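In the two assemblies presented below, chain A is common to both, partnered first by chain B and then by chain C.
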Partner chain A sequence: MSKYLEMIRIRFLMMLAYRTNYYTGILIYSINIGAYYFLWTAIYGEKENIQGLSAGQMVTYVAISWMARAFYFNNIDREIAMEIKEGKVAVELIRPYHYLGMKTMQALGEGIFRLFFFSLPGMVIVHFIFPLKLPADLHAWSFFAVAILFSFIINTEINLLTGILAFFFYNNDGLMRAKRVIVDLFSGLLLPISFYPIWAQEIMKYLPFQGISYIPSMIFTEGFPGTDIYHAILFQAFWALLLVVPIQILWVLAKRQMIIQGG
Partner chain B sequence: MFYISIFFQYIAQYMKTRMEYRTDMLVEILSDLMFQAVNLVFILVVFSHTNALGGWQRDEIIFIYGFFLVPYALFSSFFNIWDFNERYIIRGEMDRILTRPIHSLFQVLLERMELESLFGAITGVLIMSYAAARLNLSFHWYDLFIFILFVLGGTLVYGSIFVALASIGFWSDAKTSIMPMMYNIGNYGRYPVNIYNRFIRFILTWILPFAFVGVYPASYFLGKTDWYFYAFFTPAVGLVFFVLSVMIWNKGVKRYRGAGN
Partner chain C sequence: MKVIEVENLRKEFKSYSSRSGLKGAFRDLLTRNYKIIPAVDGVSFTVRQGEMVGYIGENGAGKSTTIKMLTGILTPTSGKVIVNGMNPHKEREKFVRTIGVVFGQRSQLWWDIAVQESFRLLKKVYKVSDQDYNEHMDHVIQTLDIEPLLDKPVRKLSLGQRMRCELAAALIHNPPLLFLDEPTIGLDVLVKLKIREFLKEINEKYKTTILLTTHDLSDIEALCERVIMLDEGKIIYDGSLEHLRSEWGRGKQIAFQFASYVEEPLLKQLTSDLKVQWTKGDKSNIWIAQITNHEHMSEVINRVINAYEIVDLAIKEISTEEIIRNIYEKGDARAAVDLKDEKVMANV
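And then the complex of A and B:
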């Protein structure tokens, strides 16, 4: 266990060394939030609320979904694919840790770093520029904390899956890009799921993506009525567990399939 | 003349290398298509909950987006210099460029071109045709020429901003994230500028004139007479900004000292 904690620490320190890169990151996210702020204000116009969300809640939704993205987002699919292509994965496999576990811990180290140096200051800055409505009671905050932890897990699992697929395809760049588009669209980052037409919502109910962005953001904006919040967390927990199965299967198959060239 | 023949030779060379990796090309085109679809989905979903966006109808917004894609596709194909600093200055590749008797910017742009992105223009035209059909727009014979002129203007606007930014590399070779930031700011031009506040509208019109890539020129074809003034400015803005950016580039090249070791 301690070696995995060490992984988190090392990655955190590594990120700390390059922290200036993140100041511009905050600016980029703020620019995006700004664009959506104006768009949504124009879309709401005179309307009090759309699909149960008021204009104020919508702005908060946009801000938190981008800032939370800084936490759960990572490129481990790209890293894994790279290590497979370059053959480095062979060395990784003989080291005394679980390769995928180690990757997950690195991602977590990165996520924790961005939580403190990106999401938090970013949220403070955005709060000064745009009229955000932060949740008033501690209840929502604690549910939110649980929800973004699950969104990290689900997103990382999806990344592991797409990364491992590099074992089977010579080039999985297209797949990784497709995954990015799908996650942006169906996770609720760009549009709350409740805005989609009913038939699309029905389909998305059976997919894990809304656990990544829609659920934590809705909790933060206090947009879930009544007990929906419990269902939402359960939904996340269910997918976090279920996604372990395909990862394990692919991992076993991948190791069998692997051919290392040269030595 | 000389430059034109060089241009086609670069294209021929490019085709040869890319045709070797056809699946990669296909993947790239498909994923571009997906990114374009995301924005379209956004517009479609939003308009299932509202009828107008800052006084613009659904199909007008779709038309603007379609128009935007055409200059954007040209820009992505021929002004792919977002990593100029890293590729040419830090690695010293600029030395090689400068020994040749053709303008350095021209060479860099041709070396880095990405013709796959041109497919975005086809998507754009299709989206525009769809919107135009629904809006019952009628066009004159000369509108085609105005379209070409406006598209070129928009491409130059985008291109000149990125050329100017790339030139910063001549003064400071530190890694910056200004380029990705600018890509995000550019997205503001896809929507009608009147939804933004006055400050941002001013920036999008005169400082970083991304509004001349989407809304302004598109409003001419939509028959929005209030915006004609800006629409007809498009080619001029593109040209002025481009001349400025080439001047900045030329100044920068004089300062270039090579990476050396």
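And then the complex of A and C:
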């Protein structure tokens, strides 16, 4: 276990080695939150609430979903694809650890770094600028903590899947870009799921994406009535477990037909 | 004790070929032509503990592919591989604890962080105790002279500096078996010498088995008693370097520099009753006599000196490099296989 913890530490160091990325990240996220804030206030106008969400909840939803994104978002699909393309995966395979496990830990290291040095200070600043409605009771906070952990797991699993596909396609840039758009759209980051037409909502019930952003953000804004919150967490747990299956299958297949590129 | 046991090892790759033209490109979208190419084609050998073996061959002969199968990175198409008593790709995580690998062409240190951070991570990964680490690595760090490099990020190191750090990183868990895939590629003479000295030392001290691929035959000459030569995925020679030299580098070369222009037929005529081959040297008026029979040495020199005026004369051994070049270039591979059979017979 200690090797995985060490990997998280290394990732911290690497994040610190690239300070510019860190600063531009803060800038991009503030622009996004600001843009969506003004967009939604314009849409709400005089209206008290839309689809059961009040204007205040909506602003909180936007802020929290971007801040949560800083935690669950990572580029390990890109990293895996690059390591495969450049043949670096050979070096990873002579190490006594599980390659995908190690990648997940690197992603976690990155996520924790951004949570503490990015999301938390970001939330404090945003709190002063926009009228956020923070959950009052500890209950919602702890559910939210569980929910963003699952967001991280589901999102990372999807990244692992797209990353491993590079073993088969050798160049899956297009696929990764498509995945990114799909995740941002269907996860409820850009638009809460309850705003979609009914038929689209029906389809999305059978997809894992809303477990990434919609569920934790709704928990944080206290938008789930009654026991829906338990269903939501169960939904996430179900997908977190289910996605392990295709990853494992693809990984076994990938190892069997691996070619190390570039000698 | 056998460290590596390989029997009839084979690895095939699919090689896609693109059709020509725009029409061909569209057709490639639907179906693609491919050929199955064996990169490693029925290779068998064993390596005992403490041996240093040079694994040589031209580019694309299948050296790296073999190493990748021996280290558990690639799954063989068929054949048996047992390394350190394990099947490398089946028990990968347990197996890789017992080996060290250096790929000369790619770094295994983390690019953006200090060398010592990489070492620290590897120490955790291989579960090396503080005591073992200090005892073993202090020595390694000292011998390779990398102490002043430890706090620098890898991207700021020169190639020679990086390579020494790579070697140290591969030895953190003091593995009994070390694979070196072109470890001295692009290094200057001093670093090369240092690395060779170091490899010899750990081989003596810990009985570390070393399998080395390289294009620099001076590495092999300095380190390995045994060479395995590969051509188009097949072993064409497996035996001592000494034997290879005595069998193929038999005889000497005499380079004559003549004072004036000399025609080849005349030289040939002069020594027609002796076993001599004449080849043109790389400068004008230089002719090289290849003599397989030592007894003819003085006779050849005698006749040439008496017949022509010469400016310079040099006698040299045929270098390993030349021997190997001959084997590959002149299609002597076939002969080399015969040689190998001969050797097997002798072993029986």
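Simple rule for what comes next: the second predicted complex is superposed on the first by the 253 of 263 C-alpha atoms of A that agree within 3 Å, B and C clash if a C-alpha of one lies under 4 Å from a C-alpha of the other, contacts with A are read in each partner's own complex, and residues count from 1 in each chain.
By definition in this document, contacts are C-beta pairs under 8 Å (C-beta built on N, C-alpha and C of every residue); 3 or more make two chains touch, one makes a residue touch a chain.
Predicted, not measured: the structure shown is a model, and the values here were computed from it.
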Checklist line | Overlay on chain A: chain C relative to chain B, clash or fit | finding: fit
Check: Taking the superposition as given, does A:17 touch the first partner, chain B, the second, chain C, both, or neither?
Finding: second
Margin query: Quick check on the superposed pair: does A:25 touch chain B, chain C, both, or neither? Answer first, second, both or neither.
Written below: first
Notebook entry, point to check: Angle chain B-chain A-chain C between C-alpha centres, in steps of 10 degrees?
Noted result: 90
Next item on the list: Identify the partner contact of A:190: answer first if only chain B is touched, second if only chain C is, both if each is, neither if none is.
Entry: first
Note to self: Touch test for A:124: chain B only (first), chain C only (second), both, or neither?
What the structure shows: neither
Notebook entry, point to check: Should A:2 be classified as contacting the first partner (chain B), the second (chain C), both, or neither?
Noted result: second
Next item on the list: Return first, second, both or neither, reflecting whether A:145 touches chain B, chain C, both chains, or no partner chain.
Entry: neither
Item checked: Minimum Cα separation, chain C to chain B, after superposition on A (Å) -> 9
Margin query: Touching residues of chain C toward chain A in the complex: what are they?
Written below: 13, 64, 68, 71-75, 89, 92-94, 96-97, 99, 101, 103, 105-108, 110, 112-113, 117, 120-121, 124-127, 153
Note to self: Under the definition above, what is the set of chain B residues touching chain A in their complex?
What the structure shows: 23-24, 27-28, 30-31, 34-35, 37-38, 41-42, 45-46, 48-50, 52-54, 175-178, 180-181, 184-185, 187-188, 191, 195-197, 200
Next item on the list: State the interface residues of chain A toward chain C in the complex, per the touch definition above.
Entry: 2-3, 6-7, 10, 13-14, 17-18, 86-88, 90-91, 93-98, 255-256, 258-260, 262-263
Next item on the list: Flag every residue of chain A that touches chain B in the complex, lowest number first.
Entry: 21, 24-25, 27-28, 31-32, 34-35, 38-39, 41-45, 47, 50-51, 171, 173-174, 177-178, 181, 184-185, 190-191, 195-197
